[in-house]
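Below you'll find the structure I mean.
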Amino acid sequence: MKLNRRQFVVSATSALAMPAVLRNAYAADDIKFVSILDQSGGLDIYGKPMVDTTKMAIDEINKAGGLLGRKVDLKVYDPQSTIQFYTQFATQASAGDKADVVHAGITSASREAIRPTLSRFKTLYFYNTLYEGGVCDINNFCTGSTPAQTVEKLVPHTMNKWGKKVYIVAADYNYGQITAQWVQKYVKDNGGESVAVEFFPLDVTNFGPTIKKIQAAKPDMVMSALVGGAHASFYRQYAAAGMNKSVPIASTTFGVGNEHKLISAAEGDGMICAYSYFEEIDSPANADFVKRFKAFAGDGAPALNELAARSYEAAYLWAEAVKQAGSTDRAKVTEALRAGLGIDGPSGKVQIEPKTNHAVQNVYLAELKDQSFNIIEKHENQPPTDTLLVCDLVADPTQSTFKFENGLKAAGIDI
Amino acid sequence: MDLLVSIIFQIVYVIANLALISLGLAIIFGMMRVINLAHGEFLMLGGYTVVVATNNGVNIWIAILILSPLVVGLIGIIVERLLIRFLYGRMVDTLLATWGLSLLFIGLITSIFGASTATTISPPLGVITIGEYTSSGYELFLIGITILLLIAVFLVLKMTTLGLVARGTMQNAEMASALGVSTSRIYMLTFGLGAAVSGLAGGLLAPITGVLPTIGTVYIAKAFITVISGGMAILAGTTSASILLGAVNGVVSFVTGPTLGEVALLLAAIILLRLMPRGITGSIFRKSL
Amino acid sequence: MKRKAHTVLETRGLSMHFGGVHAVDRVDFTLRENELRCLIGPNGAGKSTFFKCLTGQLNPTAGDVVIRDVHVAGREPHEVASLGVGIKTQVPNVFDGLTVEENIWTAARRWHNAKRAQTLTSDAIERLKLGDIRSTLVGNLAHGQRQWVELGMVIAAEPWLVLLDEPTAGMTHEETARTADLIREINHSATIIVVEHDMQFVRSISQHVTLFHEGAIMMEGTMEEISSDPRAREVYLGSKA
Amino acid sequence: MRELREMKATWIIAVFGILFTLAGPSVLELFTIITLAQVIGLSILALSLALVWGFGGILCFGQTAFFGLGAYAYVIAAINFGGSSWAILVAMLVAAAFAAILGYFVFYGRVSDVYLAVITLTVTLILYSLIRRTSGPEYKIGNALLGGFNGISAPPLNYPWDASAFLFPEQVFYVAMLALIIAYVFCSWLVRTHFGRVCVAIRENEDRAELLAYDTRLYKLGIFTVGAAIAGLGGIFFCIGVSRVTPDVFSLPQSALTIIWVIVGGRGTLIGPILATFALYYLTSALGSQSVLNTNLVLGTILIIFVLGVPKGVVPAISDLMQSRRGRKALRARERRLQRRRPSSTHNATTTEGAE
């Protein structure tokens, strides 16, 4: 991480120089950082690690003297996997707490519920989940990876390795639908064939019929964009039918809910996934990050995935922007972020792309072995090409829409 | 041909699955007129029993077949003594109390184990081959054990004193108490039995679906619909409703995909309840168990 | 007087079977206007089942029920009642959570506007001497009082045909006597069928009695005729022994 | 006399409601006012179930079906009409029409209580499943895509028949409170009309009502339909408050919560469930702002304590308490009632069993 050393020293000395009484008096002047992430209900498998790493980031920032000489006060809300609480807590954070920044949202539904509110109350908003892409909002920084970034690398690699016939299974909602479209596009671009696309409601646990269909279709590989706890059953049942030996799986979603720890080594071995972060990335920065996290979260520390790492990095991205802007003012921080600001985090370099407010980031491919990922490829500085097709905030900074809300076709992308 | 056989196998499995997740609920509902909304969590607790036991080195078969029904059965008895027994005859109140129980269990398990739990168990028993198609041997085992479980419950209800008295109590509680039968004890044991069967089902499903604190919510609606469609008779109701709904779900899933499969199951249940408001066994097989 | 001969209720071959049990078996029954008819018989004779077929609470297996030229067999109870029939069932069948006044008002309001319903309610309360308890919840009343409330509901609706199933069950001696007076009074304006166990009570009100036995009508006649008939005596004594 | 007193209570409560509405924006913070819109929507839902269940005796487990349909119908209509005024009417009509059809099947099929609860719940779950399966671009009604799991963003309220003039949060709050107060007074009035009193009589004893020549099916259908329209109204304000409608409106937890509000507030009162909704909503959201205790753990415990300790609900429990203080007379009467009830209720139970 590239902490600005000069500023660090300045703020640290100024904090020390200040009498203790005065420092306490400044508590009301704390910088307010609000995190709204599900910690109960069905989405808590994603939300809990994200909250843990956010806490760690803020903790580190404060230990290093805070920002602009002020302490960063983290407030965490648990919307309990219901949309209505997202809206409520976003309103509370922006209009009530007068938060300087809000990091929030896991599903696109939750992001879309709070994005207008945060825009209206002029509260800076970070969304740190990998998602289907397409948000075009001057106030909203989307730091997660999008399908074009990961699928573009994952599809050719796995097709070269396994074969040209691809069977696609995806969760039946906007993310799954759009990801499936990108997969189909890249399969075609690489001279392959998508033999079938099947969508699964998020509460399906019995994949028997589909496994039989896959056996009948005889594809070379399965591409999975399944999501959530219920869908984890797919990999178990697939392995139980002996299929993981004959038709391997690649996935754009497996592992972000730490599914690789939920299924056994025998069931998961050989799967290939693509994300902008894996706990197993071999770099000093990451080794240090993982070590610090284990120390911070204690014995029950969850496995780290893109969502968790990106939540940590996004907190630093924002902190860095605040330092550069010399203020927590939304316009100034936004300007600093959009000036091509980047940090070196555990995943490598993460930089804001000003046309989309999305992140240019590294993408890694990894193969699962014994419940952990072995990195097999690294692609640096991948731009959010999908969102770039529909969004140009440099040309028109007043935009605040989710272009892919109604699918790719409605956004004018024909693939 | 191979495809047909393997599709039929799959549909039988769907049916068995439905019967397995519903039976515990059916016992408690049929015998005691208690709709147990914590049923899904009993299944979940069965799954956690297996995971915790195997992580501590217990043999997976012992964990599934002995520990999960034992632990959850005991939990059921405790719950009955501390909560349900105060609420007999107050259907809506038991509904709410068991709903509270369901939230409590989810909260408790999340607090203890976290939102997700590492498991290393995988379905034992390898793979069976039907021509070009393969299925899980464990699925075959599940079909077998569901049939055995149905027979076992039948024997308990038909042959044992507990079963006889319990059936008497469920027909007419007052007459049973007039005959000097302790209805309180019978209710306790029945609830325990229902919980144990749910626990066993949860344990059996753990290797194939995994465990999460919130997994119960996936099961409860389906189990609920199966039991109500079946009607009051525990075994005949569960079996007939599972066959009907499972077949509808299985066939439609194959033809159109999982989305409409689930919808077809629910629609079949609605039409059934319109035609037979008291469930299948309210109209036919009335005298059965 | 020619109206008196007019038939207002008739059953033809009315049968009600429960599985193999013929609770009511091919009963032909005729009731004329302004009659006060008692249906008697031992337990299980089928008179209550017959009664329930008349009120629509049971759907007869076969046969027909005609009330004032309307075929009502198999119709819903409310359709029977809509013909202007007042019904009181065996168990006190009242609205426990409502007050005495509200109970009776609900009955009267079905037929009349709010003002007239209020008048009828007050009248019924006065006639039945329920004034002291008019604002009490019926669920809090004693068994006999609940019977009175139900009678009040029947009166307040001003029916032309009244069907009563064991109106004196659970009543004290005095209450029974008052009920007898009341039934005679209702009879001035309405035709009545009473199903009853209490022979003394039947004797005190009835002109004409129908004796049920084993699901069929055994005989019809005045109370004197029936009580002097050896077969009828056997039926009753047999059942009592 | 009793009714007059009760209607007076209604007006008193309504006046309090109006005072709260007027004072709200100057007393409360802006964000509270904004979130109140969705809570008001939920309390209208609770009110509708209080009417249907508490007064009509219909244990409708799926009241959220009408709530959710109202919300979806509003959003779809508002997107297509380009304004919210007609959409509100459409939403209430859709909810009522759906209830009328469902109610026709259920009541005219003479479905018993338990099964009625289950059927309504099943219908809700079917809607939940169906709407979650509409994420593809092919699922659209007019200009509105259904959006599946992600739902649809809800157009804000506008001035009547002027689609370009959106209401400010305070104004939305006024409108929502007005709707709640009108719905409350309407329900209070309704249960005192002939229709409402017959519905209460049917709740008490359906057979007797039949024998008094009331077509009970029609009355139940009537109150069910009215309740559904009110639930639909609640759905409108809920989705405006959330700014989005998602399939969650049909979910099992939402259905159960609705019942919990009515239980906690008390059956047989209208204001109880409304207050319970506000109280429990703020409890759950307060639980979401802390991270010490697991939310489910706390909610589950509260629910169990309530069922065991205050089974009648808060409002009836308080009025009982006040009554028992009024003198021993009332207490004695209740004891007598209990003594008598026991034998007679078991008697009833056995006879109905026998009749089946």
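Chains here go by letter, A, B, C and D, matching the order in which they are written, and residues are numbered from 1 within each.
In the analysis below, contacts are C-beta pairs under 8 Å (C-beta built on N, C-alpha and C of every residue); 3 or more make two chains touch, one makes a residue touch a chain.
If you're wondering where the values come from, they're calculated on a predicted model, not measured in any experiment.
Asks: Determine the set of chains touching chain C that also touch chain D.
Replies: Intersection of chain C and chain D contact lists gives nothing.
Asks: Comparing centres built from CA atoms, which chain ends up most distant from chain B?
Replies: C
Asks: Just curious, how far off is chain C from chain A if you go by their C-alpha centres, in Å?
Replies: Each chain's C-alpha centroid was found; their separation is 76 Å.
Asks: So the centre of each chain is just the mean of its C-alpha atoms; given that, what is the distance between chain B and chain C in Å?
Replies: 50
Asks: Just the number, please: Cα centre separation of chain B and chain D in whole Å.
Replies: 32
Asks: What whole-number Å value describes the gap between the mean CA coordinates of chain A and chain B?
Replies: Distance between chain centres: 38 Å.
Asks: Where does chain D touch two or more other chains at once, residue-wise?
Replies: Where chain D meets two or more other chains at a single residue, that happens at 129, 133, 294-296.
Asks: I need the residues of chain B touching at least two other chains; which ones are they?
Replies: Within chain B, residues 107, 110, 217, 259, 262 contact more than one other chain.
Asks: Which two-chain combinations touch?
Replies: Chain-chain contacts present: A-B, A-D, B-D, C-D.
Asks: Which bits of chain B are touching chain D when the two form their complex?
Replies: 35, 37, 83, 86-87, 90-93, 95-97, 99-108, 110-111, 172, 174, 217, 220-221, 224-225, 228, 259-260, 262-263, 266-267, 269-270, 273-274, 277-279
Asks: Which residues of chain A touch chain B in the complex?
Replies: Within the complex, chain A touches chain B at residues 39-42, 44-45, 47-48, 172, 198-201, 203-210, 212-213, 215-216, 229-230, 232-233, 236-237, 239-243, 257-258, 261-267, 300, 302, 371.
Asks: Report the residues of chain C in contact with chain D in the complex, numbered from low to high.
Replies: 55, 57, 76-79, 81-82, 85, 87, 89, 91-99, 102-103, 105-107, 109-111, 114, 135, 137, 139-143, 153, 157
Asks: How about chain D: which of its residues touch chain B in the complex?
Replies: 59, 105, 109-112, 114-115, 118-119, 121-123, 125-126, 129-130, 133, 252, 256, 259-260, 263, 294-304, 306-308, 311, 346, 350, 353
Asks: Applying the document's contact rule, which stretches of chain D touch chain A when the two form their complex?
Replies: 29-32, 34-35, 38, 129, 132-133, 135-137, 145, 147-151, 153, 238, 241-244, 246, 248, 253, 284-285, 287-289, 291, 294-296
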